[in-house]
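Take a look at the structures below.
Shared chain: chain A. Partners: chain B in the first complex, chain C in the second.
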Partner chain A sequence: MKLKKNIATSESGFIFNPATGDSFAANPLAADILARAKEGLNPAAIKADILARYDVAPGQLEKDWDDLLAQLRDFNLLD
Partner chain B sequence: MAVTGLNATDSPGPGVAVIRALRETPDFDLRIVGLSYEALEPGIYLRELVDRTYQLPYPSAGTAALLERLRYIREQEDVAVLIPNFDAELYNFIKLAPQLRALGMHTFLPTLAQLDARDKLNLPAFGAAHGLHVPASRPLHHAAELATAAETLGWPLVLKGRYYDAAVVHSLAQAEQAFLRLSGLWGVPLIAQQFVAGQEINIAGLGDGHGRALSVVPMRKLTITDKGKAWAGITLADEALLALARRFAEATQWRGGFELEIMRSASGELFIMEINPRFPAWIYLTAAAGQNQPAALLRLALGLPVTMMEEYAVGKMFVRYAWDLITDHTQFQQVAALGEL
Partner chain C sequence: MKLPYERPTLRKLTAGALNKFGPRAGARAVTAIDGVAVDELVARFGSPLFVLSERQLRRSYQAAVRAFGTRYPQVQLAWSYKTNYLNAVCRTFHQEGAWAEVVSGMELEKALLNGVPGPHILFNGPGKRRADLERACAVDAVIHLDHADELHLLLDVAAGRPQRPRVALRVNLDAGIVPQWDRFGFNLENGEAWQALGRIVASGQLELVGLHCHIGTYVLQTAAYGTAATKLAALALRCERELNTTIQYLDLGGGFPSTNTLKGAYLPATDTVPSLDEYAEAITGALLGAGFKSGELPTLVLEAGRALVDDAGSLIGTVLANKRLADGRRATILDFGVNLLFTSFWYDHHISPTREFSNHTEPTVLYGPLCMNIDMLRESIALPLLAPNDHVLVHKVGAYNLSQWQQFINLRPNVVLVDQAGQVHLIRAAETLEYLQQLEQIPAHLQ
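== the complex of A and B ==
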């Protein structure tokens, strides 16, 4: 997952794409994932952290992860 | 200085926004004269922005009537620079530019050839000549031509008035109705244009007349009125949009303010839907974002240097609002009866 370089994210979960003017509201977990991705953390490390912190089965996490990626791609937020 | 386009209505002229931007320049202490056509143009009564207003004859009265009126205004006011803001009046002001200069009134306007080349009727040829993407279009003189236009351009179809107004129509019945309305308002020919789906983006720019765009600020419309006018917008950072506007200024050697109306298709292609030969009504956003285009045009008109403006605030937004301005009937009567306030 590689967010476009100029995408702005805020702690409150607000995402702004300055190239298109689109803005989105992310829930706290999605905002946390995006913040970590922006810091350069790789997906495996982010997922491991989620598995450690939340009561979620690895299979469910993979499915939700794919859903998130599909949405981000759809919103034109990924490189 | 003097500024037209004081009709800050739901389909606003740019004058009030231009004046608001000019008021913020630290370069000059300005006395600003408004030039109006109708007695109820809101800008006339915005006394904190407009020091005095004079009515002008309608563009259809011709250049002689306009010159006579401007000569009178010049006798009353020390107008050094004049900024016209309506498409329909530009022809007369461009024609009169030498006489106005002789009266001490400077303008910074496109040439008649530039004005003509970007006309809606000539847009396809303009695009072809400069390698710019524009939607296919054709002029319509009679409603009977609608069916053929739709066959060539497909449904839905965009019908445009010569200077203002447009309608998106999905059937021949809708097209005929829109043709009657638009031709009744604006005359013929209308323009039938291929519909392009996508994101509406506008770019405000200032050309120096030598191929350089001294300022370019793109804005995406966030909400639009039923007339398609931006009611809220946000500045964008997109190198492709900046490059397109710079290419336009270079190709045309554009002189003065301009607005490119862009449609970005789902595949990212940029179509120029329309080229306005003046500042747009949202021009104050350029000043708010750090590139005061009206103030820069004022300097150009006076022959003063203007440096290339590169940086602007991205994500700067405007949200337009309606406000009931209170005035007195005596003021209205003065404008309506004497043509001055």
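== the complex of A and C ==
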């Protein structure tokens, strides 16, 4: 997952794409994931951290991770 | 202890005009029905599950009686069997004092089995067969005549009977709404109804006791009922005057809406549907001002169905899966489809989660489990981030779903009634494959 460099994110989950003017609301977990991705953490580390902190099965997380990627692609937020 | 998990999601923000009618953010969880936890109901009776509230059935009935009975001296409700003919539902209304309004021989027998006396059964419907008419005559039900062929068939059935069958004439009329329902009964404006009334009285073989009309369904214009009541009352007075026949009751039919929102409506029905009091005011005002002599007002009969039962029914279902459609929209597959929720073709049903979520929602397409493209329950609904095995609750499903549901692809599920003390009763057991196949026969060469 590699966010476009110009995408602005906030801790509250507000996401802004200055190239298109589109803005998005991320729920807390999505905001957390995007912030870590911007910090440069790799997906495996982010997922391990989520599994350690949240009540979720690995399989469910994998499925939802793929879905988040699909959303990011669909919204044109990935490089 | 780990944090509760909610799948990561993004929602595109779209700017639009402010709407003072905007709903609150997030869907409110409904965790219990009449004090019985949804999780407990599912654990005991499975999912999907229809749940009927006896308290709400009685409350709706009493509200209707109050709306009309406080404005008019003689009011009689006749429970519209086709709206929901589960016996427990029918008997609840009969306990409250409702007569039965039936539209087929099968419904007539159901009403009799539910203990309704024949004279308290109003037999409507456009498709009565000779055997149905003979049975109705035998039990002294009131036959609401729909067309001339039926009138002549009944005259034939009545010939030689010791007692004259009691009849009412179904009348269709212009109540000022479009479309004008003219497929039921005899038309008023073109003289057909008057001609039929003359024939009934002249025959000497039938006892004319009532006039009936049913102007439509989910009629939102209360004034239309006032117009219909005025015209029906004028016809009754003409019967008295010119045919020397006293009309004992005027039946204004049903068609009163519930607060389910019709597809395409801009505002929710809770904001737009008139109250039963407004319908009552229109109807009783017209009758009281029609010119009947003091003490000679005909009984007002109403065949309410949807308005009595819709609010009392809920459908609990379970999320089977989430997926994303080609255009990026979220789709959720539930364990019930249009085969159980027939009214999803007409309504944007209100659907709630049954546990608390964060207030993040996602526009979602709701599909049923049927392998059919038409199996769509909501084209777009803002729901929290439901996960597989989460439950949802569909509100106000008591009308028509439990009589029009189909055994299609899946078997039909349990139906329970929560009584006024909070006890849960199974009132229709889930179907089995054995039940489904018991009427089938396999030819010898295929065995």
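Quick notes on this one:
The rule is simple: the second predicted complex is superposed on the first by the 79 of 79 C-alpha atoms of A that agree within 3 Å, B and C clash if a C-alpha of one lies under 4 Å from a C-alpha of the other, contacts with A are read in each partner's own complex, and residues count from 1 in each chain.
Everything that follows uses one rule, which is that contacts are C-beta pairs under 8 Å (C-beta built on N, C-alpha and C of every residue); 3 or more make two chains touch, one makes a residue touch a chain.
As the structure is a computational prediction, the values presented were derived from the model and not from experiment.
Aligning the shared chain A places chain B and chain C next to each other free of steric conflict. Looking at the shared chain after the overlay, A:29 reaches chain C, while chain B stays out of its contact range. Residue contacts after overlaying the shared chain place A:21 against chain B, while chain C stays out of touching range. Looking at the superposed arrangement, the partner reaching more residues of chain A, out of chain B and chain C, is C. Shared-chain residue A:60: touches chain C; no touch with chain B.
No C-alpha atom of chain B lies closer than 7 Å to one of chain C in the superposed arrangement. The contact surfaces that chain B and chain C form on chain A in the two complexes do not overlap at any residue. Residues 6, 8, 16, 18-21 of chain A are the ones that touch chain B when the two sit in their complex. The residues of chain C lying in touch with chain A in their complex are 2-13, 322, 324, 328, 358, 360, 385, 387. Residues 199, 220, 222, 233-234, 236-238, 314-315 of chain B are the ones touching chain A in the complex.
Chain A contributes residues 15, 22-30, 32-33, 53-56, 60, 64-65, 67-68, 70-72, 74-75 to its touches with chain C in the complex.
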